[in-house]
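Should a chain be cited, it is by its letter among A, B and C, assigned in written order, with residues numbered from 1 in that chain.
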Amino acid sequence: MIRQKMTFGLIVKYAILIITSLIVLFPLLWMVSVSFKTKLELFSAPYSLLPSQISLDNYITAWGYAPFGSYYINTIVITFGLLFIQMITVTMAAFAFARMEFPGKNLLFMLFLTQLMITAQSTIYPNYMTISRLGLLNTRIGVMLPYIASAMGTFLLRQAFMALPTALEDAGKIDGCNVAQMIIHVFLPQVQSAMLAFAIMSVTNHWNEFLWPLLVTEDAGSRPLTVGLAIFAQQAEGGAEWSLLMAATLMVSLPLLLAFLIFQKMFVEAFISSGLKG
Amino acid sequence: MFTRISGQSSFAGLENYISMFRSREFIEVLKNNLIYAVFSTIPAVIFGLILAIALNTRIRGRSFYRFAVFYPTILPIATASMIWVFLLSQSIGLVNHILDLLGITSGIDWVNTSPYAMISIIIVYIWKYSGYYMLLFLSGLQSIDKSLYEEAYLEGASTLSRIRRITLPLLSPTTFFVVLLAIVNSFQAVDQIYVMTKGGPHNSTNVLLYYIYEYGFVYWDTGKASSASTILFLILLITTFFYYFGLQKSVNYER
Amino acid sequence: MMKKVLMVMLVSMLAVTTIFANGSSEQAGSADSEKMTLRFFFPIGTAGDLATIMTGLCDEYSAQNPEVEIEAIYAGDYVQTFQRTLTSSRAGNPPDVAVLTNADVWTAVDEGIALPLQSFIDAEGPDFLDRFFPAMLDDCKVAGEYVAIPFQKSTHVLYYNKDMFRAAGLDPEKGPETWDELVEYCKLLTVPGEVYGVEIPIDFYYLAVFILQNGGTINNLEGTETYLDSPEAIETVRFLRSLVEAGYAPAKRLYGDSSSDFVAGKAAMMYNSSGSLAFVRDSCAFDWGVCYLPAGKERVAPTGGGQFVICQGTSPERQQAAWEFIKWMTEPEQAAEWSIGSGFIAVNPGAFDLPVMIEYNESLPQAVVARNQLEYAMGEYPKTHDARQIAQTMSTAFESIMAGIVDPETAMRELQADCDSILSKYR
C-alpha cells in the first residue's frame, strides 16, 4: 500500500465522502425527527431539526390506525417461509447444475438464469392470472409462489459447489452416501457463506417487495408491511398525516436497518456476490 | 404468448398491439421509460463509481461512509418514496427550503409539475441505488493489482491520471454489468411511481410497468395489460441477452 | 459463528412457517349452519381508526340479530376493495356486501356482479328512499337503475384562512360567493412565491364539478357518451387555467398536499373534502372557516364517497339478510355514529336531530356548513361505463391544461376523442 500523505487527491476524496454521506443520510434523520413531532408543530415550524419533545404518540396512533401487527406477521411468514423453501429448491437445483451431467444442461441453465433479469416484477400480469386460476389470491402462499425457485440463489450455490474439489464427492461415495446425504453432510457445510449471502439477499428483497403483494393480497390476513403502509398513506380524502406516516415508515424499515447496522459486513458481502457474479 | 394465459383464445392479441402502438398514451409511456432509464442509470452509475474510487483508499471512517451511502439499498423503495414525497413537498419540504437558503431557486413544485416529477423519481432512484453500485465497483476495484498503482505512483502520475490510465480500463467489465443491472432496474421501477406520482402529472411519469398495473388492475383491460407485458418482457430479454453474452466472455477471460 | 447463525435462522424459519403457513387461506362460508355469516368488504377513505369503529358497528348488529353474523373485512382503499370484490365474485365466492365508489359501481354492473335493488326498495314502501339526502342517491344508479345505497358520503367545501382574510381587509366571516369573487379574493390574498390564493385538487372529480358549475354536462344518462368538448367545458378549463397563469393557484395539487399547504399557511383558500375537517382542526395554528363552493352559472356542491352494493351469486336468503344489514346501517343512530367517527356526512337526515350529532356539530361548527350545502349537491362524475379509465383520462387532460402544455380547446377535443374511443364499444 502506498503511504498516505494529506494530498490534494485525498482531501477531495474526503470531501466527496463526507458530503455525499450527509446528503444520503439526511432523509433518514429527517424521518426520525418528523416522526416525533406533533401535527401542530410540524406545520408551524416545519424546518426545525429537533422535535420539541420526544413522544411516542405518533407511533402509538399509527399502530392503532392500521393492523400493523398482522402486517408484521405476514411479512415475517412470507419472507422466512420463502427463504426456507428456496433453500431446499436452490440447493437441489444448484447441485444438479454443478455436479451432475444430463442432456440439455447448459441450455436449461441459461433458461433458468433468464429469471435473474426478468423478475416476477415484470411478469406480474400473467403471474396474477395464474395465481388467480389456482385460487390462491389473498393467501400468503400466493405471494410466495412466483419466487419459490430463485435463479440468483441457484447461481450463487452452483458457483460455490463447483469450486469444491471432486475428492469431496469421492470421499462421500466411499462412505456410502446417497445423493441426499451427500448434499446435506458433505456439500452444504462447505458452502455456508454462499448460503448466508443468498439468505440476506432473499430476505431483503422479499421484506421490501411491494407491487406483487399489492396485487395479490386483499386484506390484513395476508398483506405485508410495505403494502399496508402504502395503503395507510393513500387514504384519499384525509389530510396529510406526515408525522404519523413517518412513524409508520420507520416501524416498517427498522428491522432491516438494525440488521444491517449489526451485520454490515455480511450484508455487504451478500450484495456484492449476488450483484456481480449473478 | 401471454394473451393465451390471460384467457383470450387464438391470436386476437395482434389487434391489441396495433391499437396500443397507435395510442398517444402508450408512445408517451415508452418515451418516459426511456428518459427514465437513461437519466437514472447514468448518474447513479457515475456516482457509484466516484464513491467507490474515493472509498477505495485507506481512509478514516470507512464503514461509516459505507453505511451512510449504502443503507437506502435495503430500505423498501415504497417506503423510501414516502420520505421523498415529504422532502420534496413544495411548501413544507426540506429540499425547497435548502435550495432557497442557498439562493439557488425557490418554490419548485417537485412531484406535481413536469419535468420536475420525472426528476423527482430519478432523484429517488439515484439515492436508492448509487450506494449499491458503489459496492459493486468497490469489489471490482479491490481485484485490481495494487502494484500497478505503485508503479504509476513512482512514475509521478497524478491521482486523476492513475484513475484514467489504470482504474477505468481495468474496471470496464464491472462497469458493463453495473450499467446493464441499472438499466434492468430502471425498467422495473414502479413502486416509487405508485407512491409518488401515480404516473402524473399528465402522464409524464407513467412508465411501462406502471402502465401494465393501471390497465391490468385498475381498468381491468386484459388485452392491453397482456400486450404491454409482452413488450416489457421482450425489452428485458434483450437486455438479459447482452448480460449473459458479457458474462460468458468475462468468465472465459478470467479463467 | 456463521454456522450458528445459519442454524438459528433455519430453525426459526421452520417454526414460523409451520405455525403460520396456512393462516391466511380464506374460509368461504361458515361451518356453523345455524348462523348466517355475511361477508362485508369495506374500504377506508379517510384517516383515522375507522376499522375499529366499523367492526364495532358490525358486532353490534350481530348481537342484535343472533341469526346473522357480519364479518367486516377491511380491504384497503376504494381501488383495492373493488379489486377484491371483483376477483372473489369471479372465483365464485362473492362477498355479500361491499362498499364501492361510484366509478366502480358502474364497472360492477358491467361485470354483472352487482344486484339490482329496485325490488328491495319497492318492498320497503314508496317513501323508503326519503331517508336519504336526495343528492346522495345520484351515485346509486347505473343508467337510471338503483344498484346501490348511500353509505359514506362526503361533500366538498371551500376552506379559508381567516387570519389572512383579515390581513387582506376581507370579511373573515364571508368566503367568495362566485367565480368572479374567487378571482378577486385571490388577487388580494396571493403573495407571489409565498402564499397561493387558492388550491384546487386537479383531478377528474374537480374537472367535472367546475364544468357542472358552469352549466355544462359530463355524460348522458346511459353512460355511453361524454360532452367534454362543449363550449361550457372549454370555457371552464380556460377559467381554471387563468388562475394558474395569474399565479393564484398551483398547476397541480391533490387532496393531501392541499391540506398540508393550507395548514402550513401556504394557501389562503382550498377546495377540499369535508373529510379533511378533523385534520385541519387538529393541525391549524390559525383561525379558519369553511363556506360553500363559489358558484359559477350555477351553484353546485359535489358529493363523493362510497355506497353499499349487494353482490350477485349468493342465495336469495343471504341477499335479503344483506339488505336488512344495509338498512340498519343507514338508520339515524348508525349513520350518526359512523359520521362522527369518520368525518363523512351522515346519509340519513334524521341523524342530525340526535343529541350525539348536535353535540358533535357544536364541537366542529364547520361541519354544519357542509351539511347545509347538500341542498345544492350533485353526485360524482363521470357516470359512465369504464368510469375509472374515463376518469383517469380526464385527470391527465386536466393536468396538462393546468400545466399549460396543451391549450384548453385542443386538450378538451382530444379528451373527448379519447373518451369516444373508450366508450365506443358500449354504443
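One rule holds for everything that comes next: a residue touches a chain if its C-beta (ideal position, glycine included) is under 8 Å from a C-beta of that chain, and two chains touch if they have at least 3 such contacts.
Values in this document were obtained by computation on a predicted structure and should not be read as measured data.
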item: Which of A-B and A-C has more C-beta pairs touching across its chains; value: A-B
item: Distance-maximising chain from subunit B - centres being C-alpha averages; value: C
item: Euclidean distance of C-alpha centroids - subunit A vs subunit C, Å; value: 36
item: Subunit A and subunit B, separation of their C-alpha mean positions in angstrom; value: 18
item: Residues of subunit C whose C-beta touches two or more other chains; value: 83, 257, 260, 264
item: Set of subunit B residues in contact with two or more other chains; value: 92, 217
item: Junction residues of subunit A - those touching two or more other chains; value: 42-43, 46, 215, 242
item: For the subunit C and subunit A complex, residues of the former touching the latter; value: 2-3, 5-6, 9-10, 12-14, 16-17, 20-21, 23-26, 44-49, 51-52, 73-78, 80, 83-84, 87-88, 90-91, 154, 255-257, 259-260, 263-265, 273, 275-276, 278-280, 282-285, 304-305
item: Subunit C contact footprint on subunit B (complex, rising order); value: 89-92, 106-107, 109, 112-114, 200-203, 214, 217-221
item: Subunit C residues touching subunit B - in the complex, by the definition given at the top; value: 79, 83, 86, 107, 111, 193, 202, 250-253, 257, 260-261, 264, 266-267, 386, 388-389, 392, 395-397, 399-400, 403, 405
item: Subunit B to subunit A touching residues, read off their complex; value: 2, 5-7, 47, 50-51, 53-55, 57-59, 63-80, 82-84, 86-87, 92, 94, 97, 127, 130-132, 135-136, 138-140, 146, 149-150, 153, 158-160, 174, 177-178, 181, 184, 187-188, 190-191, 194-195, 209, 212-213, 216-217, 225-226, 228-229, 232-233, 236-237, 239-240, 243-244
item: Interface residues, subunit A side, partner subunit C - complex; value: 39-40, 42-44, 46, 64-67, 73-74, 76-77, 80-81, 83-84, 87, 132, 135, 137-141, 189, 192-193, 195-196, 199, 215, 218-223, 231, 234-242, 244
